[in-house]
Structures are given as structure tokens and as C-alpha cells.
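Following: one structure in C-alpha cells, then a few remarks.
For clarity, chains are labelled A, B, C and D in written order, and residue numbers in each chain start from 1.
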Amino acid sequence: MSQVQHLDSVDEAVAGIEDGSTVLVGGFGLAGMPFDLIDGLIRQGATDLTIVCNNAGNGEVGLAALLQAGRVRKVICSFPRQSDSYVFDALYRAGRVELEVVPQGNLAERMRAAGAGIGGFYSPTAVGTMLAEGKETRTIDGRDYLLELPIRGDVALVSAHRADRMGNLVYRKTARNFGPVMATAAETTIVQVHEVVPTGELDPEAVVTPGIFVDRVVRVAPRHYTVQGAR
Amino acid sequence: MALNPDELAAIIAGDIPPYSYVNLGIGRPTRVADHLTPGSGVVLHTENGMLNMGPAATGEQVDTDLTNAGKQPVTELPGASYFHHADSFMMMRGGHLDVCVLGAFQVAANGDLANWHTGEADAIPAVGGAMDLAIGARQVFVLMSLFDKQGRPKLVPECTQPLTGLACVSRVYTELAVFDVGPGGAVVRDTFGITVDGLRERLDVPLSVL
Amino acid sequence: MSQVQHLDSVDEAVAGIEDGSTVLVGGFGLAGMPFDLIDGLIRQGATDLTIVCNNAGNGEVGLAALLQAGRVRKVICSFPRQSDSYVFDALYRAGRVELEVVPQGNLAERMRAAGAGIGGFYSPTAVGTMLAEGKETRTIDGRDYLLELPIRGDVALVSAHRADRMGNLVYRKTARNFGPVMATAAETTIVQVHEVVPTGELDPEAVVTPGIFVDRVVRVAPRHYTVQGAR
Amino acid sequence: MALNPDELAAIIAGDIPPYSYVNLGIGRPTRVADHLTPGSGVVLHTENGMLNMGPAATGEQVDTDLTNAGKQPVTELPGASYFHHADSFMMMRGGHLDVCVLGAFQVAANGDLANWHTGEADAIPAVGGAMDLAIGARQVFVLMSLFDKQGRPKLVPECTQPLTGLACVSRVYTELAVFDVGPGGAVVRDTFGITVDGLRERLDVPLSVL
């Protein structure tokens, strides 16, 4: 039933993603971005996708490449505009991609709610702002909140550091970011890792994403890239 | 012949698909673990914060920091992980467990479950994780005797004891028969030492046959 | 401001807890029960307490001793009745302690909500049961939920395994249980640990409760006790 | 004399109580870190999942898996911890941060904040964690120039640009003055090379004095 599939190639790992899917994509900027899985998704060909990701792509790699390939109908993110988000910027200004801006804390919490079976929650963020438009406001214990609903994915694409054969995951530093939350919130969670170790080698106290949340694992080589702003 | 509890636990273990994530309720359901083979790949969840729980701890293995939901000492299998209570119940309530096996006072033909409160006026209510499990696991199996100590059926048209969850049970294992329950009512899957007509005589619930 | 206080005695650690406080008490049965802090609280003398804990005490130690001392007005828990909860049982039947039974998942999630600034959330648990009485029901996306509100503590008493000087915590096995959640949900979080290590010795990837949630730390000797059901 | 950005950052650093947990917004607020001494015990939070963030990484220190909220490479101090985004924003939204320092387009005398959206029709909106920080930290300090490039005051009776949060700012640091803002309106705490009357001439906001 729930056996984690360890796949030999990225192409096998992303097989079956359907047109029109909602795809949760990990990463904060480039850290934790599942580059290989996104490249695989571009080759795989699924289109009309809704992408949920903190950003809307950097340069021409990863999510930016997927956008450039014209596969994305809508982006749900907190921070699309960055110094090197020119691919998204151009598509957006051309009216070729929809955008839903969600405060970063609501983005994370709405996915957690999906993973946790919570039907909705009252968030203190964005009360009285234009991002509150159309949302129910409720005063609880003297403070105003907005009703926020879960964001579920058909698929999550996550980059982790190390997996064991049962799909337990650990991450590295701030590359952890959205990965553990997205892994809980999708029907199918696909993970790229730099290393697969035998079951029993990960410290049970330090597992961040238990294998119960993981469906497919593929090992990829670490990718070297330049970080913007590196001095 | 009616099955004994051990035989019944073995049947449930056989019905759990390989590699399932499973939570076994306190009490009799715990026995199902004794019949799961390592090769099945089944992973046990305990709501007090662990996946890949191992068998009961004995002697030197006993560690007061490592218990199951019934507070009994258990062991850890390779590939285990620990997490806090909110994360543990996220697994349950978020629909990530494939199967849970619970005891019950009553199950209705539509899958309603009563297993937490006897309904007696002086009872001290104690729900634990029963309501979370009932609504959270993808499949809820109940393991119970078909009749209570007074001989009254526990598979009923409608629960008279306080409910744990609505329409949440999918299958009921008893010493005399296994039933599917749900929107279509009770369906007999298997009988042990009794005919379906024999069951019909003793139950107030319309029964169809698989 | 937020400097973690490392105290030399349990009595200093529990100083200042006021009558009428809501006290979150960690532990699941005996595992993770902050025995020493509870003993300190009994000596400290605060009374009229509301205790939030998964259980309502075992035998005559820990929470049971606090109950026996007559300091508890109300218990909010998921599972009061156990084979050795005779102290609570007797007080309850004598009408000397109030009881609010909360499903275990709601108990954990309501405290998390308090720690996370969530005003309330829609829970799938207990719909249609007697524990739904008086709660708002709402249908979202075809499923029924109950509105659940945060549970905040004035104080949390938590038992962890190891702390560093900054108050970062790690736990041991299933003794982790409610500790990390309660630490986030109280105005003052007081932690007993078996060991305090220099800052930098805990693996940053494996810290479970970051020091931001911790106010006071006291080192205590590990306690040996018998586990019920041990064979 | 009006202060330069570095002098202002130093003043803010001096106003942050020892051992505070602090989040510094992207851009100019990041400079406050350069003026925090190790002895202050101040712990920096970055919303992409880290406490006890260290200074910018240089040369060999650069690790693509370790960045701040502005996606720039940073370092880790002893006592650091990593956590996922839901846990990180739990710290912010749950009121566990003592101080955050943010940039702003406009701040109103009552503490309303506008710092995420220029309001221009063709702007691509991008909010990031600004709204979460604004309502979450116990004290929100704003670091901004007192006038925009067109010379218009940025401390205003009421924000005309899209709001980030309501009545959330407690103090505003500018090159000419430091103000407390809130229910009592704007209060001048300090001036640099200008008198309070000089400020009153240039601002549309009633000013009281500490």
C-alpha cells in the first residue's frame, strides 16, 4: 500500500503527474529547490499546472524553467518578485500566468492544515489589508482573525538531504524550509535526496519527515550553483 | 467453530495490506501485532509519538521513556522515528494512517462507532485518542465480541451508547463473523461456526452477504 | 528579556506560580512527566489550579500527588481514568475536582494553536458526539468540523532529556509527547532536564524545542520507577 | 546633524534589550546585525527556518543550503537550530519574537504599517513574511527615511498605500528623528539636527514629545 518506492531515475519519479495538477514545490529561493524533479516534470510534459511555492522562480532554472516552458496556469506564492524573477515577471505582465499572493505564514499554515486534517483556521495575519478581501473576519477573545482554508497538493516535489529505505528524511540547514510541510499536504510526495542510507542509520530522534509522508524517493547528485549576494 | 481472540487477531493481521501504516488500539487490538510478520512491511504507529514501534519490551529492554498508547513498555525497530503529540495526531487526523484497529461497545450497520463511554451516569469519561483515530484512519477495523456480557448484540441498527464517530467503521471482526459496515449496511464477509441465517436470528440488523 | 534562566534548584524553578494559574503539565502516563517540578509546585503552595495534561495522574506520584494535596480546581485532559488513577477518581466522585474531557488530538492541537497565534480551528474530531455539545459545527468542502479554541497556559511544566545554555531542548523516545507543544503555549515554560550541555553541543538539525520557547531550566537526577504492564 | 544609515542601525541595535529574539527584515534592517555585540545575547531569527543566525558568509563559508530571508548566504552560530516553515512562522505569529525591524513605505501615527505594495497598478505584489512579522512580533520597529524620493513624509496621519498591518508598529527610526507611534499618536523620542518644531513644519502629523 504505502511502500516507499525507491526509483532509479528522476523520470520514473515524476511519472504520472497529470495535466491540471496542483503541485507543491519546496524551496525558498534556490535553497531546497527540487531542481532535478522540476527538470523531470518539464520533460514529463504535464501542463496547466497550479504551482504552490514560496517564490516564482529564479533566473532560468528550476521553477523559472517550468514557467518558461509554458506549463503553469497559476502560481500561489508569497513572494514572486525578486531581483532575478524576470521569467515570471514577463509572463505575469503578459497575462499568461495567474498569481495568488499569500502571506508566507498563511502559505505554510494552510498546507499544514491540509496535512493535519484541519478544515480551516483563524489567522491573525493580513487582517485589515487588501489580502483580507473576500475572507471571513471573526473576532475571537478580542482579536480579529481571517478564516484561511487548507491548500492541498496532488503532488509535492521536495528536496531533502538524506533518506533511508523507509522514506524517513532529514534535511540540511535552511534548505529544510517548506519541504516537511509540503510532504504532509500532497496526495503523492516525491522526494529527491543526495543520499539513501540503510534503514536504521538515521537517528530516530532526528528524523524530520517520517516515511509515512513519503511516496517516492530518487537519488540525485548535489547541484552546484552560485548564490545571489554571495560576497 | 467460533474463533478465539488469538485466531481473530491473526485474521485481522492477514487482512492488513503489506506496508500499511497501522495504529492498534489499547487492549485486545494490541494482539494483532503478534501476528504481523516482519516481511509484511507493516509499520505500527503509536499516538504517543512514534512510528515503527516494536514488540513489548521485556526484562532489560524496559525503558520508562519508551511506551505504547497503553503506557506499556515497548521496543523500537530500525527505521523508527519520534515526534511530538501535535505531529502524531496530524498523522492520524490528516488521513495518513492506512488502518486502525479499535475495540468497541457498539457498532451500527452504517459504521457509527461507540467505544469510549459506557453511558452510565457515574462513569468517569475518558476518550483518549479514540475519536481522533475513528475519524482519521483511512480504514477503521473494529475487533469486538458480537454480544455483550448480557448477551445483547453489539452490532446494532443504531448505537444507543455515546458515539465516538459517525459512519467511520469499515469492518467489524467478531468471534462468529466478519462484517463490512457502511452506507450499504452490514454485509457478512465470513462466518465461524454459524450460518448467516443463524446470525440473522440473533441480530436486529439486516444482513446481506458478500 | 528572554534570557533563559538556569536555576540551581527546583524550588527556584517553580517560584512565583500564582494561585488560579492554568498549568500545562507534560507527560503521557509517567513517560515525560515532570515529577520534580510537580513536587516543587506542591511545596510552592499555589492552589486553585487548572491542570492541562493528557492524564489525571498515576498512583500517588506526580500529578496524583498534586491532586491529593488539594491544589487542583479543574483538570483538562483526554484520559483521566486509568488502572491506577484512584486519587483522581475519588476526588472526582466526591465532586472536589472539575473535569473537561478533550479528545487527545484536539488537546494537542488546541495548545499548538495557542503557541502559533491561531485564533481557532475547525477540527474533524468529535463531530456528532456528546463532546460536540455547545461547539459550533461547520461544513467545509463537504465535511463537518467543530470549532476548537486555543488552550493557553500561564505556566508549562515540561520534562526534557537535555538542554544547552540557550535553552534548546532534546527529548528521549516517547517521553517527548506533549512537551514540545506545551512549551510553545505557555507564558512561562519551566523545564526539568537530566543534563545541561554547553551551547553548541546539540546538533542544530536535531533540536526539538528551540530556546525561544524556554524560560527556566533546572537539572534533576533521572528518576527510576516501575512501568505498569512491564513483563 | 541627520544620521547616516549606519549610525541609525547602531542606535536601533542599542535599543534592542539584551537576550531578545529578533527578526531583521530584508534590506536596510539587516545592517542592524552589524552593530549587535556578541555579549548582547541577542538571537537572530530568520523566517526561512533558523534561530541564532550568524553574520554574512564569505568565501569558503558560503553554503547554498544556508541563507537568510533575503536569500543571501549566512553563517550559523553555536546554539543554532533549524526548523520548517510552519514552525518558523509559529514563532512569529505566536508572539514569541521580542522585536522585529522592518522597512516601510509609510507608517501612520497610530502604528499602521504600509511596506509591501507600492499601490501602483502594474506592480507585481509580493508580501513574503511582512504581514506575519508585522502582527507577530511583540515590538515592531521601523527603519526608514522620513521622506520619500519626492520629498513627501512617510510618517503620515493615515497610510495611503496598501496596508501591511493595523496598529502594529511601536517605534519608527529615521535619519532626523525617532518616534513612538501607537494609540496615543506620534511621540518624538529623539531628534538629529532638527528641532521638534522643525519636524512639525515638515510633517502633517501632530507630534508630542517624550
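Here is the rule we use: contacts are C-beta pairs under 8 Å (C-beta built on N, C-alpha and C of every residue); 3 or more make two chains touch, one makes a residue touch a chain.
Since the model is a prediction, treat every value here as computed from it, not as a measurement.
Identification of common neighbours of chain A and chain D yields C. Ranking all chains by how far their C-alpha centres lie from the centre of chain B, first place goes to D.
Rounded to whole angstrom, the centroid-to-centroid distance between chain A and chain C, based on C-alpha atoms, equals 33 Å. Per-chain CA centroids place chain A at a distance of 35 Å from chain B.
Annotation: 54 Å between the Cα-based centres of chain B and chain D. Residue numbers of chain A whose C-beta contacts span two or more other chains: 109, 112, 116-118, 123-124, 171-173, 204-205, 208. The set of chain D residues that touch two or more partner chains comprises 76, 82-83, 89, 92-93, 136.
Here the touching chains pair up as A-B, A-C, A-D, B-C, C-D. Residue ranges of chain D in contact with chain A, taken from their complex: 46-50, 56-58, 62-67, 70-73, 76, 82-86, 88-89, 92-93, 117, 122, 124-132, 135-136, 162-166.
Residues 1-3, 112, 114-118, 164-166, 168, 184, 199-200, 202, 204-205, 207, 210-213 of chain C touch chain D in their complex. Per the touch definition, chain A reaches chain D in the complex via residues 28-32, 54, 78-82, 89, 92-93, 99, 101-109, 111-112, 123-131, 171-181, 208, 224-225, 227-231. Every residue of chain A that touches chain C in the complex is listed here, in rising order: 109, 113, 116-124, 138, 140-141, 143, 145, 149, 170-173, 203-206, 208. If you check the complex, the residues on chain D that touch chain C are 17-21, 41, 43, 45, 51-52, 76, 78-83, 89-98, 136.
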